[in-house]
Structures are given as structure tokens and as C-alpha cells.
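Dropping the structures in below, format is C-alpha cells.
In the two complexes that follow, chain A is the common piece, with chain B as its partner first and chain C second.
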Partner chain A sequence: MDVQALRSQIERIDTLPTIPSVLRKLLLIIENPKVSLNEIGSFISNDLVLTSRVLKVVNSPIYGFPGRVSSISQALILLGLNVVRGMLLGVSVFEAMQKTMLGLWEHSLGCAVTARIIAKRKDLKEPEEVSVAALLHDIGKVVLGLKFPDEYKKIMSDAETKENFIFDAEKNHFNINHADAGAWIAQRWNFPRSLVEIIEYHHKPHLSKNVPVQTAIVHLSDILVRAKGFGFAGDNFVPAINSSAWQSLDLSETDVKEILKEMEDSLSQAEDFLLSDE
Partner chain B sequence: MLKVSVNNLKPGMKLAKPVINEAGIMLLEESTELTAALIDRLQNMNVSSVFIEGASKPQKSKEEIMLEIDARFRKTENEPYMGMLKRMLKEHVEELYK
Partner chain C sequence: MSNTKTVVVVAKDMVLTSIIDRILKDSYRVVDFSNIQSSLDYIYNSTSDMLIIDIGVGTDDLTIRILNEIKGDPIFGQLPVFAIFDDNFVIPEWNCLLVDDYLRRSYLEMELLTKVSLCINRAERMVDVNPLTRLPGNIAIIKQLQKRLDSGEVFALAYADLDYFKPFNDKFGFSRGDEVLKMLGRLILNTVKGRQPHGSFVGHVGGDDFVFMMDLEHIEETAVEIIDNFKRIIPIFYDAEDRANGYIESVDREGNKKRFPLISISIGIAHNKAKIFSHYGEMAEVASEMKTHAKCSGGSCVRIDKRQYTVAG
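For the complex of A and B:
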């Protein structure tokens, strides 16, 4: 299939019958760039499962408001529309994530936690925005897995038997990888330009023009979470770090050690969050 | 810090983190000292486990973790900076087991 045909197939993913109904409803809302805080708030509040998931995530170590957020409207005020939009998508795709690739949700949460730690260390103004980008960075794997379930299974077993990176196995099969697929769908869903760019370039952070620091942070988070073996992202190898991204982050050895220490606590809390019941 | 299932809690243990229910409401503050009555209440409130003060030890042996790290870095450890990252991670693991 040529790339253009693949892209238009992926962009029509909303029409797939396997898309969970809550996600379908949600897409109608988040695709609209003019949606208001009130509309999102009442949409979430009308869905009990969604409400409890969102509150769980907001009160988890990922967003750093432990036990302090008790309503959706409060979450929207604290985190802002873009973060809540991304988080909603994150919590809605988690079943699809587990179905496509067992461990991908853990990997994504681990990256969200880690990206927030690094973003705070780099004094970024919006650590939550980087964190939500990290939560969604592998959305392309879900999209490919939902759209082409049999082919994606084969790609995964190829990666396993040939001991390849998952992005190489994807590329061998589709001529594109999950970062491309993720960027297409994020664009189609009218996600902010910065989020699209982070998803598109999380394996090639030097290509990011508008948000190079944020992209480098998600790139490093992915590497650290895989290095620690938290979750599963499609293969059991740590990808190489991009030299210019690494240099641009300018982290000292002490910084890295401190990040690893903070990850210890936050990942165990994230694990607890993952294991806790609905 | 140690994660303890509510069934294994003992009076006198101290919370390392606040206990929060699913709706996001805080039930007990951090550093609360548990009493038999509080433990009863936690068991009745559908809380599965809480964090207790005290050092937590990773469950796998150090040697096992080190071997896994070697395996994960196998393809890329000779790329720029990757050897360094691997060394830092291993030093970090050493610290955890001290």
C-alpha cells in the first residue's frame, strides 16, 4: 500500500467498529477546536467511568496533585483544556492499548511520569503538557494495531523473533512507523501543533522545529523507561539516544541520577495506580 | 517506603503517603500512625494497599536486574552516550541495594 493510501485509511479510524463507543463520542468533542471547557466538563461528568478514570489520573503521581482534585471542573482549571483533552484520549485508549500490546499502557504512563520529572528539572513552564504528550507518544501503535490487527500481530512477532526494534519492524512492513501514524491521527484530531510534533519526532527529536526541548524530553523518557524495563513498548531493547537531543538537554550526571531516583518512587506509585481497581 | 496490603497492616505503622480513594478524596493524611480502628476502617473502604514508612527493597535480586539491563542495552550500548547511560543506571541500581 502506498503511503498516501495508508494515511487516508488511518485517518478514517473513527469509523472502525472496534473503536470503543466512549472514544467515538469523545472524538466528536475533541476534534472540535472550538470546544469549550464547559462542554468538555459536562461530557466527562455525564460518564461515570470516565469521571473516575480522569480523577484517578489527575490525583496520581503523573500530574502531581495527589488527593487534591475532586471534580472534573477543578481538573480542567488546574490542567487546562489541552492537557485534559490529551488525558481523556489517554484514558480512553487504554483498553485498546492493552489489547494491541500488553504493557503499552504501563510504558505510556511510565513515560508520562518520567517526562514530568525531567520537564520540572528543566524548569519548563508547562510540565503537564509534556507529560500528556509522553502519555500519547505511542498512540500510533494503537492506531496501527486497531486498523491492521493481523498485520500488526505479525509485525510484533517479527520484532520478537528477529530481535528487531518495533519501529524497524513497522517500517519493514508498512514503510512508515508508529510515529508517522500517530502524527497523522493527531493532526486529523486537531491536536495542538506541539503535540503532533512531539508524537511525530519522538524517535528523531532533532527534527522538531517548534518544540525541540519538549520532544527531546519525551525521547529521553522513552529511553529511560525502557532502560528500566517498565512496561512493554514492542521490543525489549533500549533505543539509542539522539546525540543532539541529549546535548541540548544539558543534563549532568547528578541530574540523571536524581531523575532515576525520582522515577523509582513515581513508577512504583504508577504501578499501584495501574493495579488498583476501577 | 513499602507498599503493604491492608490485610497485612499492623497498629503502629506510619503512612508514608496519604490514602486516597477512587473519587480522589483523601481518607488519611501522610504520616498518620495506624491504629486497629483505622485499619478496620481501611479494610471496609475498599482500599487495597497503602504506603508505609520504611525502606522498600526491590523484589528481584541485584544480579538479575543487572543481567536484564545488559540484555536491554545489547543493541545500542556502543552508540554515543549509551554506555554512559547504562553505567549510570547500574550505579543507581547499586545504590538501591545498599
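For the complex of A and C:
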């Protein structure tokens, strides 16, 4: 399939299904009449499918300010409780998703947690936006796995048997990788330009023009979470950290040590969120 | 003032006119004309609530043209037009015949009364929304305010507008300014409805002027929450550089280049607990006065009327 045809196939995706464990918790939240917007918000911020759904709606032209909102708390203020509840009711489950890439949810959540830690350490004004970008950075994998389940299974096993990086295996098969696919869908859904850029360049942070620091943070988070062995992102390798990312982040040895220490606690909390049944 | 709605009927056929009159006369004031030309003077000079027009194979082009001109006029386009077609009439493209609803002759007895009432009802619902935010506009706001004053219930009225909105518009253009207004409408609506889901009201007067009405005990905290939410969201409407600076460069009213802070919001609140208002204008004036006080303090701010009024008489 040529790239244009592939792109239009992917752009036709309307919503992403989530995994069963998230849906179970979601239903509990929706059925609780006393739940506040803040509680719903912190729940949504833990799941890449729900987050992408909320951002898609709030950035749609209907509300009149497309491409502006990249944080969940802002989105919820603008959508309102009723719209958010209604939207969450329509979430579907895709059992196969969990099977296709067991561990991707943990990986994404781990990256979101880590990116927030680094963003705060770097004194960024909007750590939540970086955290959202980290949560969504691998959305291309969900999209490819959903649209081409059989091919993607083959790519996964290729990555395993030939000991390839997942993005190389994707490239061999589709001529594009998940970063491209993710950027396409993010653009299609009117996500803010900065968010699209981070998704597109999380493996090549030196190419980011408008948000180099944020992209470098997501890039580094991706690698640190892999190094910790938290979740699974399609292959078992820990790629090298891009040198320009190091430069733009300018982290000292103490910084890195403390980031790693903070990650320990936060990741075990994240694990509780995904694995617990309540 | 009588609340009976006026329906203008234009029909050549006397039999049709008498059927319509009989069906509607208990619920509406019906005014008959035998052709559209003679009805124009009435339509242009009095407030009618609906125009019913008989259209069939014999209807001339002039009638259709006049009808389309009425519907094309921004003021009279609001008037709902209801067509009655002969049973064998072939319906043309709707953009050549500007009507809001229709009925075939043989259904008159069964449907006319309910259809007319639905059509008027729908027109009233849609007549006064601000096209930008889809919030109720001026007429609906005044109606709501007067209704509350007449009922004698204690409530509060807040008046909100933006500071430094003009330099923002000058720098970024009105289309980005409109985005801010749409965001603000949504933000106020959700914050108000979040605090008081029932019995609250949000309207858009126009431009950057918004009002909301709520129970007195909720309104101050709601206004503070609106300001907090606004502060969290407004930066995304600026470019990264301005966000980092915390100000923009634009020109003032005299045309001089100047630095302006990011947009903030001022809210003034009036209530009828200590002072009785009989006319909506008086209460709006107090809210507006409070808003002016809020503006003087610089940055986003709320001011509520705390004066003790001595009850006259």
C-alpha cells in the first residue's frame, strides 16, 4: 500500500477503543452521580484512549477554537460535566488491543508520569501538557494495530525474532512508522500543533522546531521507562538517547538520579491504577 | 398586554380562509388577507407571530418573490412562514421557496393547530441566540431578568466583560478574538451550571459582555471560579513568545505602541436582597456599576454590591 492510501485509511479512524480494565473502572466513575470534574479529569489523564477522545472533541470546530487545547483540565472546563459523561459512555472495548500489545498502556502511562517529573524539574510552565503528549506519543501504535491487526501482529513477531526495533519493523512493512501514523491522526483530530510535533518527532527530537524541550522530555521519558522495564512498547531494546535531546535538556547527574528515584514511587502508583480491579 | 399570538393568513380561496379561521380562532388572533401585497403593510407595521400562506399551481411568481424578500430580510426573516399546499402541488427546491414548514390541504383539520403552535414555539426558541456563542441574546436576557424581578424571588445578576480585549483583537485579528469569546461563553456556562445546575441562566449580551443569574448564595464563589478557570485557559490563545513574556505589544487608542497585559476578566454583581428593583434596567445598572469598580482594581476581579439600602416608604 502506498503512503497516501495508508494515510487516508488511518485518517478514517473515528475513535479508538480502550482496554477492558480501563472500561470497568470508567463505568464505576460514570455511574457515580457525585463524581466531580476533577476526579473524572485525573482518571482520564491516566488513559491514552480517553485522553485522545477528550482532546479530539474539545478541538473540533463545533466549539469554535480548534487546535488550542492540549490539557485535560482545560478541556473539561470547556466541555462541561454533561458532555464529558456522555462522551465517556460511548467508549468501546477492543479485547484484541490488549493482546496485540500487552503493556503499551503501562508504557504510555509510565511515560506520562515520567515526563511530568522531568517537566517540573525543568520548571516548564505547563507540565500537564508535556505529560499529555507523553501519554499519547505512541498513539500511532494503537492506530496501526487497530486498522491492520494481522499485519501488526506480524510486525510484532518480526521485531521479536529478527531482534529489530519496533519502528524499524514498522518501516519495513508499511514504509512509515508509528510516529508518522500518530502525527497523522493527531492532525486529523485538530490537536494543537505542538502536540502533533511531539508525537511525530519523539524518536527524532532534533527535528522539533517549535517545542524542542518538550519533545526531548518525551523522548527521554520513553527511553527511561523502557530502561526501567515498565510496560512494553513493542520491542525489548533500550535505544540510545539522542544527543541533541541531552543538550536541550541540560540535566546534571544529580538531576537524573533524582528523576529516577521519583520515577520509582510514581510508577508503582501508576501500576496500581492499571492493574487494580477497583 | 395580551399574550394572544397573531397569525397572518394570506389566501385567495375564501373556503380555505374560513377553514383556517375556524381551526385557529380559539387560540390565536387571525388576520386575513387575500393576497400577499395587501398583507405587507400589516406585516411591516405590527408584530405578527406567524404568516400562513396558501401556495398552489396558480400562485404567481410575484407572490413567491415577495415572500422570499420578507424571509431574506434580517428583521422579518425571523417571522415563521407556514405554507399550505394543494394536495397535487409539486414542491420546488426549498431555496426557491423560503418557508419554515408546510401542510397539505387534506391534513388541515388534523394537524394545523398543533403544527402552527410548534412552528411558533420553535421560532421563539431560536429567535434570540447570539450567533457566535449560541447563548441567549439580549432580548432573552431582558425577558429572563424581568421575569425574575416580577416574581419577587431573591437572586443575583452578574455582569462580566474582558479587560485588554481590544489590543488583543488589534494584534491577532478578530477571528482569534472570536475564538476567545466562544471559549469564554463555554467557560461561563459550564462553571455556572456546574455550581447550580437548575435555575441558573447564562446569556451573551454581545461583544465581550456576558451576564449570568443565579441564587445569591452561589454567585460570588462561581464568579471567583470563572476567574480562576479563565486564568488557566487564556494563555493558550497567545503565541508562545507572548505567553512567556506575560504581555503583548499593540497600539492604544491614540495609536501609540504600548505593552498590554494578557486579557483578564472583570465581574460585577447586583442582587435584590437589600434593594427592590422594579425594572430590569435598574438592576443591570447596579451590576454594571459594580463591574466598573472591579475594573479599577486591575487584573481579574469580582465586586458584589454590599451596600445597605434603607427601605423607602
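One rule holds in what follows: the second predicted complex is superposed on the first by the 193 of 278 C-alpha atoms of A that agree within 3 Å, B and C clash if a C-alpha of one lies under 4 Å from a C-alpha of the other, contacts with A are read in each partner's own complex, and residues count from 1 in each chain.
Please note the rule applied: contacts are C-beta pairs under 8 Å (C-beta built on N, C-alpha and C of every residue); 3 or more make two chains touch, one makes a residue touch a chain.
In this text the structure is predicted, and so the values were computed from the model without any measurement.
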Which of chain B and chain C A:Lys171 touches, first, second, both or neither | neither
Return first, second, both or neither, reflecting whether A:Ser73 touches chain B, chain C, both chains, or no partner chain.
-> second
Counting only touches as set out at the top, which of chain B and chain C does A:Leu81 meet: first, second, both, neither?
-> second
Is A:Ile241 contacted by the first partner chain B, the second partner chain C, both or neither?
-> first
Is it chain B or chain C that touches the larger share of residues in chain A?
-> B
Which superposed partner A:Leu37 touches (first chain B, second chain C, both, neither) | second
Can A:Lys228 be said to touch chain B (first), chain C (second), both, or neither?
-> first
Interface residues of chain A shared by chain B and chain C, listed 68-70
Within their complex, state which residues of chain A touch chain B.
-> 52, 55-56, 58-59, 66-70, 163, 165, 223, 226-229, 236-241, 243, 246, 253, 256-257, 260-261, 264-265, 268-269, 272, 275-278
Chain C contact footprint on chain A (complex, rising order) = 37, 63-65, 68-70, 73-74, 77-81, 125, 192, 210
Which of the residues in chain C end up touching chain A in this complex?
-> 132, 178-180, 182-183, 186-187, 189-191, 193-194, 229, 232-233, 236-237, 240, 243
In the complex of these two chains, what residues of chain B are touching chain A?
-> 1, 3, 17-18, 20, 22-26, 46, 48-49, 56, 68-69, 71-76, 79-82, 85-86, 88-89, 91-92, 95-96
